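Below is the structure I would like to discuss, written out as structure tokens.
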Amino acid sequence: MKRVKRIGVLTAGGDCPGLNAVIRAVVKTAINEYGYEVLGIRDGFAGLIKKNVFPLTERDVSGILPRGGTILGTSNRDNPFKYKVEKDGKTEFVDVSEQVIKTIEYNEIDVIVSIGGDGTQSIALEFYERYGVPMVGVPKTIDNDLGGTDVTFGFDSALQVATFSIDKLHSTAESHHRVMVIEVMGRDAGWIALHAGVAGGGDVILIPEIPYDIDKVAETIERRVKKGKRFSLVVVSEGAKPKGGDVVVKKIVDDPTMPIRLGGIGNKVGDEIEEKTGMETRVTVLGHLQRGGSPSPFDRLLATRFGYHAVKLIHEGKFGQMVASKGNDIVNVSLAEAARNPRRVDPNSDIVKMAMALGTGFGI
Amino acid sequence: MKRVKRIGVLTAGGDCPGLNAVIRAVVKTAINEYGYEVLGIRDGFAGLIKKNVFPLTERDVSGILPRGGTILGTSNRDNPFKYKVEKDGKTEFVDVSEQVIKTIEYNEIDVIVSIGGDGTQSIALEFYERYGVPMVGVPKTIDNDLGGTDVTFGFDSALQVATFSIDKLHSTAESHHRVMVIEVMGRDAGWIALHAGVAGGGDVILIPEIPYDIDKVAETIERRVKKGKRFSLVVVSEGAKPKGGDVVVKKIVDDPTMPIRLGGIGNKVGDEIEEKTGMETRVTVLGHLQRGGSPSPFDRLLATRFGYHAVKLIHEGKFGQMVASKGNDIVNVSLAEAARNPRRVDPNSDIVKMAMALGTGFGI
Amino acid sequence: MKRVKRIGVLTAGGDCPGLNAVIRAVVKTAINEYGYEVLGIRDGFAGLIKKNVFPLTERDVSGILPRGGTILGTSNRDNPFKYKVEKDGKTEFVDVSEQVIKTIEYNEIDVIVSIGGDGTQSIALEFYERYGVPMVGVPKTIDNDLGGTDVTFGFDSALQVATFSIDKLHSTAESHHRVMVIEVMGRDAGWIALHAGVAGGGDVILIPEIPYDIDKVAETIERRVKKGKRFSLVVVSEGAKPKGGDVVVKKIVDDPTMPIRLGGIGNKVGDEIEEKTGMETRVTVLGHLQRGGSPSPFDRLLATRFGYHAVKLIHEGKFGQMVASKGNDIVNVSLAEAARNPRRVDPNSDIVKMAMALGTGFGI
Amino acid sequence: MKRVKRIGVLTAGGDCPGLNAVIRAVVKTAINEYGYEVLGIRDGFAGLIKKNVFPLTERDVSGILPRGGTILGTSNRDNPFKYKVEKDGKTEFVDVSEQVIKTIEYNEIDVIVSIGGDGTQSIALEFYERYGVPMVGVPKTIDNDLGGTDVTFGFDSALQVATFSIDKLHSTAESHHRVMVIEVMGRDAGWIALHAGVAGGGDVILIPEIPYDIDKVAETIERRVKKGKRFSLVVVSEGAKPKGGDVVVKKIVDDPTMPIRLGGIGNKVGDEIEEKTGMETRVTVLGHLQRGGSPSPFDRLLATRFGYHAVKLIHEGKFGQMVASKGNDIVNVSLAEAARNPRRVDPNSDIVKMAMALGTGFGI
């Protein structure tokens, strides 16, 4: 095994609180503890395609621990194996992975720390397997749906934004006797909706793993009205779907006579609740607010541990691996394994059962 | 003049942080300082129509100062002079103001404190002028667009939600080299967008008072790109409008092939920016998050002062008046005057000019 | 085994964010899921001594999920086995446990859920073992130092207060080129200081488990100065202690000529740093701010799970047990075991080593 | 009048949220609007003594708007007219103002924007009057006690920290039936204590302008107990003082038998309340937490306006002036006038009377 002298680090995929904390830990550990040099790679794999790399020093990472975003920039559309190019007016996807290898060789990068979600780790795996590029992965996903690790940084911060938003909507719901629908992140997994729903006291929680029946949703709300609760809070994953069918998405046409209230699953659920219960309903789509801002202390600690352990893996020569969280420990799993098993909410899990026992409806 | 023994208090219109602080101050001042009794009226004027009133004691208002919402409930559709009823399958608007008078007389309410926006104060004025019901108004509007007062409670709290949301979007915008559009409240007045835009460092601010040219918006963003700033933050009032025309609103039809990204002015602006600049653009609609949550200290103090002064006006027999803020003082203005002059952003005002000098574009 | 019909619930010991979430979950689960009645016991065991119990319904726990404090009240000085009484001008400690048993019997309480720290659980254990009172414990400690459970609710919330306070002090430290010392909770265990220190980027962390040498602390600070960092942040557990000796506490005498800057370990460390480094030093003692306010989403979820599982244990007839967190699961451990093994920071643990690698000093 | 080409900017005195917002507005306005060059002066007047100045560009101020602290550094002990030097083992104060003039001339600084409190503006005034250095002041004080301006930036942010801390202590006070004392900033003026006390629902507020009688304080607390309120919140300015005498400060001696609970006025008041009422009392000293963190939107806007107008004054050749806030306008007052009239709470003001009417005691 070649001795490592210089490591590259990149962040790819959607923004996530804690990215800077990982970068800081990687740089400090690499330089202070092992005497490595560190190169920053801009905008994820795009930086390797476009030769956009630069030295990272301790000074560069000073003060970034509490900051959202990533000082390296990110990109979620630049897969070097399927790189989008415009040619003769047409869009094509070409393999530019050779260019990436050239950048790596030219800059004498011995190993890359790739911080990203399942898409990113799949690309890292492909470079590792096909070209033998030493790779160490750091898992990143707001949605907490990445396999191989108990939890990822960013999830706790997103959960806080979601929960405190539910808190905010609560008083308006109660004062106006309204149904408030809030759509949170989670395309394939309902972790944010489930945890924020329980933490925020949601009356209905709809997640991708439990397809809902809108009539059951309306029943839950109406049962509350009978008990004197003239308002309800409905927490919906962006990936929630009705039983027996995908969401029917909608097309817009210009028409000045129409009200302005449209959109994704949150609005669909809101419309249907209003129709079925006759109660005034309002919809909030949280969107990107969940990705921004200063990471929570939990996420800062986890991200820092991930960064530190990623460099430790390099020192131990364990490539093709991803750092992961198991209980109170940081361990490593193979990139292959990580990409294979996404984490989903088990409809029979303890937390779902508990939420039901406490009176929360899941539309079933 | 009849001696006041019992006052009624109601909250009407949209939710607003600080309503509970006003109620608390009214109740405590009335009971402790002047020995009045206080009746709470539920859900705005609807409570007077439906005879839904109840005694309010100091115990009822204990601990509500930092809470969002209103313990009295509110309603923004129950104008007693144009009350919506369903009759023979048709919707009609009838005058039920006599019923209100009966409730007032039956409960021996000597004067009413009406906490609400311009709609509410117009109704209060009509009861005062037509029936001689002693009325004292307390101005309430998130949008800060009510005449006769420098500022209203709720605005500062909404401003904080808007500004901190811009802060959150900032890091994602920068990391992803994106344009982030954020739509904030303000149907007729751009105060929230202007103040939050300046406080959050928005690069473009679009408000109803300054109709925008989308090409100018794109120019501002592109000028930033040339200076090396690969991201921009665009703050849009919900009532912003393009030059020479109203917003063309949009109609939806079911079509599973369409992406889910539609809606109001924020989305319209976002779509057009993406089209014109070719930059990835994301839109966040803040909506009801701006109305909820614990009021800011500024709003708690202002709301408390308003409640205290409303009862003082009662003690002094000054009816048909509304409390108002002028500089550091609380004064009173006639309800008639208050309803007449809405506050708008002056396009030539100092703050707008300053924002321009600092580099912010207004689409002109 | 007698069939359970009525359960009592009490909160004892210091305030802790999440207590209301536990109470809410106990009440809702007991009533909805198992049809039990619930009695609230006021002010911990004091309520059983003073016969201060009352029925708890779903209505009583409505809306308390996000609230700090405990609706049951608490007390941390009322051990029924050593109850403090004043007699003939003297203080005596007497055993009033019989009175507690009478209250339990009179009110037909079949089992008690005791929510509290190690002191509380020891009392619960004594009632269970000596009198056979069915007891189920719910662990509670800000400091996270209770054995038998990975983590307790309240810790994450305290951590946030501590971390965000460090964030606040950071900018002042940097602007003024000062050393800022912050004393956080943790009499016997350094968890808050360690986690907040890492999450807040503390330059020195002093905890009870690692006695410090003040000269080493000064060295760390001076090494930073040499690297151009003219400020440092020092995070100190209230139970931190110098090598080879306990803290020398201090006595005050009236003397108008003295400056006002005194106190516990934080101030001692601050004084000594100023003396040894000559740098301007300021000390902040966080104190009770760490115990108050709305619980974090993490704590709300954990507290809710604890409450739900406590009632499940009752249903399963598992008394003398405490609910506990292990990985992602909620399990149960015997009260005896829980009281026996306090959790301490291992000076050789991964997180301590990591903090050192990142440049943080521990005064050794 | 010489044409201005280059302006210097410095921040002096205690840290204050909003300093960076002023600096940013000064730099952007100077460069974009008037084509001036800007030099940053490090650590207040110390930078002029030590020749520590450097060019400030738009890039330097990018992203600093929401940040606490000051990128220029500050110092509150470096008065060039009384500069502290050590000579022959003795401390002397010498006049080094000539050195300042040399630095100004050497760097061709045409005018200086001095951002600071009354001490800073007095120094600025002396340079203006004695040496004819063109000076424009920007008022800065957390305590809001500077004359000539309605309000200063930083106050609203400090108020928020103070109020939200009271909120946090509230739940613990209530759960434990305790008196919670909180000491906030305000050495000479009680603005923070008064506003935060009202906004946080404080039961007693003690400020420098209204010397208190501790027996009256105890009476207020005991009256609450009689009404069933077994807790109280006492908000104390650091400069509060008892009737007929200054605070007796305290001296410490080493004595391991003493408890660790000492300090300033907050602790004195806490001790005396505990003694007089027999109620458990806890004290929190907020200290530097009030100076740090991200400025509130209100402060960001005000600070930005101040910075913009300071440069406008330069453009208009109005030197020896300070920007100030009057109602909704930014105006200018002479530095001489500003230093002369500190703002104090009027014991007969509307807000004090209101607080009393609502039941708050002032110890009189």
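Every chain is named by a letter (A, B, C and D) in the order it is written, and numbering of its residues begins at 1.
Throughout what follows, contacts are C-beta pairs under 8 Å (C-beta built on N, C-alpha and C of every residue); 3 or more make two chains touch, one makes a residue touch a chain.
This structure is a prediction, so every number in the text was calculated from the model and none was measured.
The chains in contact with chain A as well as with chain B do not exist; no chain meets both. Over half of the residue numbers at the chain B-chain D interface are used by both copies of the sequence. Each chain gets a centre from the mean of its Cα atoms; the one farthest from the centre of chain D is A.
Each chain gets a centre from the mean of its Cα atoms; for chain C and chain D, those two points are 34 Å apart. Here the spacing of chain B and chain C, counted between their Cα centres, is 41 Å.
For chain C, the set of residues that touch two or more other chains comprises 164, 167, 170. Chains that are in contact with each other form these pairs: A-B, A-C, B-D, C-D.
Put simply, chain C touches chain A in their complex at residues 25, 28-29, 32-33, 62, 65-66, 150, 156, 159-160, 162-164, 167, 170, 195-196, 198-201, 229, 294, 296-298, 300-301, 304-305, 308, 326-330, 350-351, 354, 357-359.
Interface residues of chain B, counted against chain A in their complex, comprise 11, 15, 19, 43, 67-70, 73-76, 161, 164-165, 167-172, 174-177, 180, 246, 248-265, 282-285, 287-289, 291-293.
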